[in-house]
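Next, two complexes with chain A in common: one pairs it with chain B, the other with chain C.
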Partner chain A sequence: MKRRHALRALNGIFHRELLRTLRQRGRLVSAMVRPLVWLAIFAAGFRSVLGLSTTPPYQTYVLYEVYVVPGLAAMMLLFHAMASSLAMVYDREMGSMRLLLTAPLPRWYLLGARLLASVVVGLPLVYLFLVVARYWDVRPPMLGYLAVLPALVLSGLMLGAFGLLVSSLSTQMENFAGVMNFVIFPMFFASTALYPLWRLAEAGPVLATVAMLNPFSHAVELIRFALYLRFTPISFLVVLACLLVFFLAAVVGYDPGRGLWSRRGDQ
Partner chain B sequence: MQVLIVIVVPLLLSALAGPAAAETIYVSNEQDNTVAVIDGATMTLSATIDVGRRPRGLALSADKKILFVAEGDGNRIDVVDLAKRQIVGQLPTGADPEFFVVHPDGKRLFVANENDNLVSVVDIAAAQVIGTVDVGVEPEGMAVSPDGRYVACTSETSSMVHLIDAGSLELVDNLLVDTRPRAAAFSPDGKRLWVSSEIRGTVTVFDTLTRAQTGKVQFEVQGIRREGVQAVGIEMSRNGGTAYVALGPANRVAEVDTGTLAVRRLYLVGQRPWHVALSDDQKHLISANGNSGDISFIDLENDEVLKSLPVGRGPWGVVVGP
Partner chain C sequence: MNALSLDSVSHSFKQRRVLDAVSFSVAQGRVCILLGRNGAGKTTLFSLVTGLYHARFGSVQVFGHAMRTDPAAALAAMGVVFQQQTLDLDLTTAENLRYHAALHGLAAEVAEARMREELGRLAVLDRLHDPVRSLSGGQRRRVEIARALMHRPRILLLDEPTTGLDVPGRQALAHHVHGLCRERGIAALWATHFLEEVTPEDDVVVLHAGRVQWAGGADRIEAELGVASMTDAFAKLTAAA
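Let's look at the complex of A and B:
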């Protein structure tokens, strides 16, 4: 793999991803409206006027709006990752994925570039949301916006890799409605995005355990801590490990030679 | 390297954001029978001092070396040496002392005896009660004018504030206020007297010269029913421009413009703040939150609550010392 060649491929993939995202106006708008609806309506209806008990990384009582914003930022990444892997299924059906994978570069490199491009393209919207959230008095320290960048990228990569894996498993686009029901919703609701762990533990120890094992929870906490200039090693390691596992599985899954793809081809 | 940055940067920031002056905060824990000692610079608990039963009212001596702690169920005041951090003496007070003030002469304490409908005057040096003044039913809040001429006492059940001449110990006036007055505070120039009403959730402002009501502060917390907004402790800024009022079960501390009597902003603190105190540099405000067992540090320069720190059961009174 020559460096120049690799960079050119990376550039091409980035360019394509950017163009495609920018042309999907509807998707851009809904990606922005979705967390705002949660913040403006759901969070307002959730009674927290007396403040949520102090939960790290917060050092004092916070309103629910403050608590839910990192979870909603992670939700944006999750939806973006799933939409991006939906596009992957589409690409595969249209044949452009086959074309991409025939490039004389390692498969892991091409998929990795595709993954990174998708995450980077999705980041500006997350930042826009974080800025708009200031209107609801969600005001993390200024440096927090910088510190959260690596957390957003890492979480985005992990969720994107998960999306890649899901898309490598689903045989056709129609299956993707199921992904919504069986992947996005459970991942989002059974996590610490909407409720602190102690609140989930009050609802039931099983739910709390599920949330603790849910990689999405760790993505949320990594983002939450970074936004308030704190670091949580456990969540960092969990997100990193999940990224590696999901990505490796996705690479294997996309290998026409021996992965799931070939098995599907035989049918 | 990255790990180092991750560790160092937040520390640096919290050091910058925290109270700069070396101050010590003292909080009475009503249900623990202790006084919590908190380092103001690091915002951490540095010690707890065992005191008598049901400590509530707190005050520093004029030289700020002694802390007086009213023992509600012990019927006396503990004298705590702040260098030794232990009780070095006791003062008699009459029954059930809840709140008291140190007179600017530094020699006398004026104590509200909740069950006896009295204000007792205690000579600190002689350690004895040198006089009593009859006031309304259930006296509670106490304040002394900056020139030392008047002492104000609120009586919860009579819904009155009583003005006492600190020299002759005569009752000078009784002013009607809103239901269940809790705390009183004089403006630094001594021209205004502020009295909080717990049940009505208001603060009534009087002209100390004419004794006429000059205004009333109303509090409203979005999403909380009116009965949940109760005004209790009051702290005035040194320049007299701002008053801070603890709003009890609304879990808020209000910042009030003393000129317009408008609420500038509300700070979300722990559950049921009773009393608030300003740091010496006037940059931080500390609230003692009775139900959640913690105190909240408010950064007044950036208008944000920095931290809530558990200190014991039932924090009630709070003072800031050197």
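Let's look at the complex of A and C:
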């Protein structure tokens, strides 16, 4: 693989992803409105009933809005990843996926480039949300906005790779939409996005264990800690490991010799 | 060296055998018509030749590059027009072609020049900045062919490219592809079930129920089979279930 060719392909894939995203204004608006509704309505309601004791990385009691914002940022990445994977299934049904898969580059590279492009295109909205959240007095240190970037990218890649894996196993868009419902909601609700782990443990040890094992929880904590200039090595390693496992499994799923598509013949 | 060689290619989906020991080759500068009824295995064969998935058995080589072991070199040499439309409807013609050029590693200035050249040759340059969604079926096909030629392939693969086109459109397309093979010396594998798309100077491979029933020059098929026309020859070769 020639480096110049690879970079041009990456640029082309990124450009296409950007154009498609910018032209789907409804998706852009809903991606922004969704976390704001959670922040403005859900968090406001919970603020009065959910007391939060000092939990790392916070060094004092914090408002529920402060707690929930990193989880909502991760939620944006999760929804973006799933929407991007749905677009891959759509591309496959519409035929345009063939163009990508018949490009003279290794398939792992093409899938990785598509994954990276999707994450990069989704990041500005997350930042916009973090800036808007300042209106609700969610004001992490300014340097935190920079420190959170690698955490957002890594988490976005991990969630995107998971979506890629799911898309490699889906035969039709209808199936994929169903899978999304079974994936997004359990992943989001059984995590530390909305409640800290000790709260979940109070509700039941099983739920706390599920949340602790849920890779999305670790993405949330990685983002939360980075936003407040802290680093959580366990979450980092879990997110990184999940990224590698999901991506490798997705590459196998799209492999011309081993993937399900070669056995079903409907690629 | 042959542009494309298939050697004992077999493939199954679950228990259903779709291709059975398919062997044939396409010489440089030749148009090879892959004739077969619907369901004969043409599209599966195209998927294997383009590396979308690998054949269970046998080998596919493009200019000596094995699709299984050296897919990048094989794919770089081919331009593909799939049966199913593969243009992105939300993008303009130019954006679709730039995307393809990037995937093939073309520099931006080269891509712009070739885009205009190929679209101009196919008389769709005036739709350069229009969304593909607004193009007619025939224009979309021509854009796909222009796109397939942008990276200067040495073999063109066309899977039922005239589907949905009217008679003049089909004739124009066939004329254009034959012209390309003559002028640029590229090879073409053209899958179709329309017998009128075969010209006497073409090579023909008749595929039926996943097997090659006949392969050779189109000008010899009638004499060898002892029939009066290509229609009769095709009917005779594809009569068995």
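Structure notes:
The working rule: the second predicted complex is superposed on the first by the 260 of 267 C-alpha atoms of A that agree within 3 Å, B and C clash if a C-alpha of one lies under 4 Å from a C-alpha of the other, contacts with A are read in each partner's own complex, and residues count from 1 in each chain.
Quick note on the criterion: a contact is a pair of C-beta atoms (placed from the backbone, for glycine too) under 8 Å apart; a residue touches a chain by one contact, two chains touch by 3 or more.
Computed from a predicted model, the values in this text were never measured in an experiment.
Once the two complexes are overlaid on the shared chain, A:P141 sits against chain B while remaining clear of chain C. For chain A, the partner touching the most residues, choosing from chain B and chain C, is C.
In the overlay built on the shared chain, the residue A:H15 is in contact with chain C alone; chain B does not reach it.
Once the two complexes are laid over each other on the shared chain, residue contacts for A:V62 go to chain B alone; chain C is not touched. Shared-chain residue A:N181: touches no atom of chain B or chain C. By the touch criterion defined above, A:T102 lies against chain C but remains apart from chain B after alignment on the C-alpha atoms of chain A. Put simply, chain A touches chain C in their complex at residues 1-2, 4-6, 8-9, 11-13, 15-16, 19-20, 23, 94-96, 98-106, 110, 256-257, 259, 261-265, 267.
Chain C makes touch with chain A in their complex at residues 13-14, 18, 44, 47, 50-54, 68, 71-76, 80, 82, 84-91, 95, 98-107.
Chain B meets chain A in the complex at residues 6-7, 9-10, 13, 221-224, 250-251, 268-271, 292, 294, 296-297, 304-308.
If you check the complex, the residues on chain A that touch chain B are 47, 49-51, 53-54, 59-63, 139, 141, 143, 147, 229-231.
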